[in-house]
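Structure below; questions to follow.
Order of writing sets the chain letters: A, B, C and D. Residues in each chain are counted from 1.
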Amino acid sequence: MLEVHLPGLDLKNPVMPASGCFAFGAEYGRLYDLSKLGAIIIKAATLEPRFGNPTPRVAETPGGMLNAIGLQNPGADKIISQELPRLADYDVPIIANIAGSEMSDYVATAKKLSENPVVKALELNISCPNVKHGGIMFGTVPEVAAELTAKVKAVSKKPVYVKLSPNVTDIVAMAEAVEAAGADGLSMINTLLGMRIDLKTQKPVLANKTGGLSGPAIKPVAIRMVYEVSQKVKIPIIGMGGIQNADDVIEYFLAGASAVAIGTANFVDPFVCPKIIEQLPKKLEALHVTDINELVGRSWRPCVKKNASSLR
Amino acid sequence: MLEVHLPGLDLKNPVMPASGCFAFGAEYGRLYDLSKLGAIIIKAATLEPRFGNPTPRVAETPGGMLNAIGLQNPGADKIISQELPRLADYDVPIIANIAGSEMSDYVATAKKLSENPVVKALELNISCPNVKHGGIMFGTVPEVAAELTAKVKAVSKKPVYVKLSPNVTDIVAMAEAVEAAGADGLSMINTLLGMRIDLKTQKPVLANKTGGLSGPAIKPVAIRMVYEVSQKVKIPIIGMGGIQNADDVIEYFLAGASAVAIGTANFVDPFVCPKIIEQLPKKLEALHVTDINELVGRSWRPCVKKNASSLR
Amino acid sequence: MLITGHREIADNIFELKLQGDMAAEVSQPGQFVHIRVSGSDSITPLLRRPISICSVDKKEKELTLIYRRSGLGTERMARAEKGSRLDALGPLGHGFPVPQEDAGSALIVGGGVGVPPLYGLSRELVKKGFRVTHVLGFRSAKDVFYEQEFATLGQTIILTEDGTSGQKGLVTDVLDGLNYEAAFACGPLPMLKAVKNKVTGRPLYISLEQRMGCGIGACLACVVRASDTNDGKGYRRVCCDGPVFKAEEVELC
Amino acid sequence: MLITGHREIADNIFELKLQGDMAAEVSQPGQFVHIRVSGSDSITPLLRRPISICSVDKKEKELTLIYRRSGLGTERMARAEKGSRLDALGPLGHGFPVPQEDAGSALIVGGGVGVPPLYGLSRELVKKGFRVTHVLGFRSAKDVFYEQEFATLGQTIILTEDGTSGQKGLVTDVLDGLNYEAAFACGPLPMLKAVKNKVTGRPLYISLEQRMGCGIGACLACVVRASDTNDGKGYRRVCCDGPVFKAEEVELC
């Protein structure tokens, strides 16, 4: 009842850790069997290694957190040589998150990673708010996002999911542009740009000043965007932003997501992903749903299943 | 130490209830003396009366709430004849929030209200997410916002504060456009567009489907925007979004606000405004600050007062 | 206010007793309190929860509330312990008008957690000399509460949807045979509509629910349309114009 | 874990005792636990709080933590009552290496709430036959804690910035005259830097603080730069590579 099939991804369940919140799986792999997961979206890869931003890199906010990690990663080559082989031991599809400063970086990184057999799909991160160069145009100008998507699609051996930024006036325009450019799916949402100021130092808490807001606080924004976009595109959406429990997963499906990713909640409860996977069947039964795919977009689909009235 | 002087507004303190969260003051006026407040931003006025949206109009979210009231109000004439005279009895400046569907509505409403002696300034609401017609372009396209601002300025007898929407890619561009068009100040931020879906009905909780997200959850987004905009404009900013206590007020000042408004927190604690006003002096003393105006923009101003190092 | 009692009186139904000066200010049955369930430094849940005052004991300065544990807020509330304090705003709103004279016969119709405020109402009516008939509907036997309390005040007809307690059926099934001069109802909207259709030619007062923001009339979250299309305002606020209205004053939809 | 003790031992400084199976897994002094202060259905505060393990009693399965009440999370923590449970993840990180042989003399330098993990360390060192000297700095007399506990383990020099207890001054004022073969330090960054400058030619281990996300190595929130510019990774994670490092391994800035 939890199986989900998306371009390039045959998932035993629709729950995956979100990029950047799970590194390359080694740490959580010490706590539970990663094969329980629907998939793993690994930390952003760039062509060259990156050290990321100075610390402090995280700050707590009401019902959320800010991060400005700055895409720290060992670079595509080391990810391929050192991280992916270890992940091959698990029965879990890997989605590689790709970032860069120039289109050419993205393209080269996408090519390399998509050729690796462990990688089943790419997630094109055009939305990282925490890097100085590049990023911002890719994630906010539909034409630029479309061009990048097309270029990456041209070299990628695997389906490409484009991860959208919520920091835009018109999320539907962004989604439609990358769909038209050939995206196989969407990931929504990345973090909202935010800031917290320390009253003692009177300066921003984060060394990078601004950071990306994640966690429960942003869920209503993400749900709204998934709801709007899913009605306008045909490609599937991996929904994310503030998921904490199985109810939140169902809310994303109702909004129009076909799978979900969980970021910040892993920090609050490291077992949250397997816990949710375990709780979902019971939750679905209570809703008289035998297949989670039935729920996709139910909040806006005009015609609901016959037995829906009994659910109210 | 709390006195603040802004265009058209001589405030005994910088704390005011936010538009739409305080109606026209009658209800809270039964709980405490409204003269304690720095100012009151009254509920949005439109030219004609509006009934607003169907119910449910509010929904709770993690650390926040959604509302889709839909600008319900008795219309400018009744506000002038029935509400403003009562407010004249208090020693508190009134800021009239103006909304509309067409430029001409805005202009006519602004003209009427700005002529009333009780009204000391206008707040131009170009950012209400909850009305079907108009609104969205005014708040998201810099050129349209600028044109509207100029037209309202041309008829207004009082200073005009433009209330910006956070649902834009580039808040600085919006702010600069309305400043160039003659705005006397900015109000930031209105609500973020969000949604919540009810798992039982499987439909959006709000009858209007989407609503405006307010409350603590959005504070980091608002702080970031005030921080960015205050460095680029010369006009003062009334900061708002998620303020719950005196520390939050100080955070807004450090970010670059010159006054603050409090919305949702009034619902949580109806006495929150006078409580914060009472607590501020003690908080400022602890920071060795004798005048709250000293704090404006301190998080980004390169040169801090001599005694600042002792505060860390 | 100080929690002086807290117990589960039916399946997921809790009776909460609160002591404090607010009790003195209660002026009508059917008023409510707006409860901040979170601690003062917590933001979950953010909003207050409206709960009707079931009854008031002015001598002991004590309010009784009855609520159903359902979502985040009431689940938290259910954990509040006797002896601890609860932040309650109130009494809020306009309740049921209790005629000052002309005692007669009254019908009280309640459904589920709409029943609580009707208990305080019935006590007031009985005190004024009214003969009161109670028709109370619940889903199932496990949901029934205060049957005895109502029975001591007047005839009490219990109905359950599944027939596990009292008669099987809906409250409207039994209204036709009853004799009364005024009626008072509180419960889910479909019940109120059905009751409105049955009670004709006599005054009917109904208590409405609506999602709230402020609870005091300032945010316009809780409006219902006025029935009179020529009404000056066109709407009523459940939190302060109500929650109790004359049935013909507002639209039920 | 079960809270078996909780008391204020200095101004805003609390000693918390936690009982549970985790105690058996503690392998080194200087490891920490990551505490979820909010209830399981609350989002304030959202993140866990890292607190060092001060000492462990494996027989009683009990950990002792000492923390300062400062912000939202520790304020909440301070309200947790004996007998209730606390969600703690751990033991996390790599602590102070305790030499298995070659007992000798050790210097322990602590400042403020950097002092707690050094107590467990000192106990281990003494157990191994080390002669330990403690230099502990606090702001003022009201902030001093565990003076007696340390004194029973070895020479203990207390300093306060205002001279209200022990010597007036900073920990670095007294290091020059001391004799030791290895040094261990925990405290604020400026103190660690100053200690690093004073302790030369002998191994120095320092415990670092950094704002954390996951606490287990996955989010890269808590990194510090490796001193060796040719280091393969270029960084260390405080939560899992540390919090204790050899002073020359990481950059202090």
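Basically, a residue touches a chain if its C-beta (ideal position, glycine included) is under 8 Å from a C-beta of that chain, and two chains touch if they have at least 3 such contacts.
Values in this document were obtained by computation on a predicted structure and should not be read as measured data.
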Exercise for review: Return the chains common to the contact lists of chain B and chain D.
Suggested key: A, C
Check your understanding: Does A-D or A-C have more contacting C-beta pairs?
Key -> A-D
Practice item. Compare the CA centroid of chain D with every other chain's and tell me the farthest one. Key: C
Review point. Using mean CA coordinates as chain centres, what's the chain A-chain B distance in Å?
Key: 33
Review point. Approximately how many whole Å separate the CA-defined centres of chain A and chain D?
Key: 36
Exercise for review: Find the geometric centre of each of chain C and chain D from their Cα atoms only, then give the gap between the two centres in Å, rounded to an integer.
Suggested key: 56
Practice item. Report the inter-chain centroid distance for chain A and chain C in whole angstrom, where each centroid is the mean of the CA atoms. Key: 46
Check your understanding: In chain C, what residues contact two or more other chains?
Key -> 43-44, 72
Study note, to complete from the structure: In chain B, the residues touching two or more other chains are 61-64, 216-217, 244
Exercise for review: Could you tell me which shape the graph of touching chains takes: line, ring, star, complete or other?
Suggested key: complete
Study note, to complete from the structure: Note: in the complex, chain C contacts chain B through residues 36, 43-48, 72, 89, 210-225, 233-235, 240
Review point. Residues of chain B touching chain A in their complex?
Key: 61-64, 66, 140, 167-170, 192-197, 199-204, 209-210, 213, 216-221, 223-224, 227, 242, 244, 247, 250-251, 254-255, 287, 295, 298-299, 304, 308, 311-312
Exercise for review: Note which residues of chain C are touching chain A in the complex, please.
Suggested key: 43-44
Revision key, fill the gap. As the complex stands, chain A meets chain C at residues 62-63
**Study point:** chain B - residues contacting chain C, complex
**Key:** 20-23, 26-28, 30-31, 43, 49, 51-52, 55-65, 67, 69, 72, 74, 215-217, 244, 264, 266-270
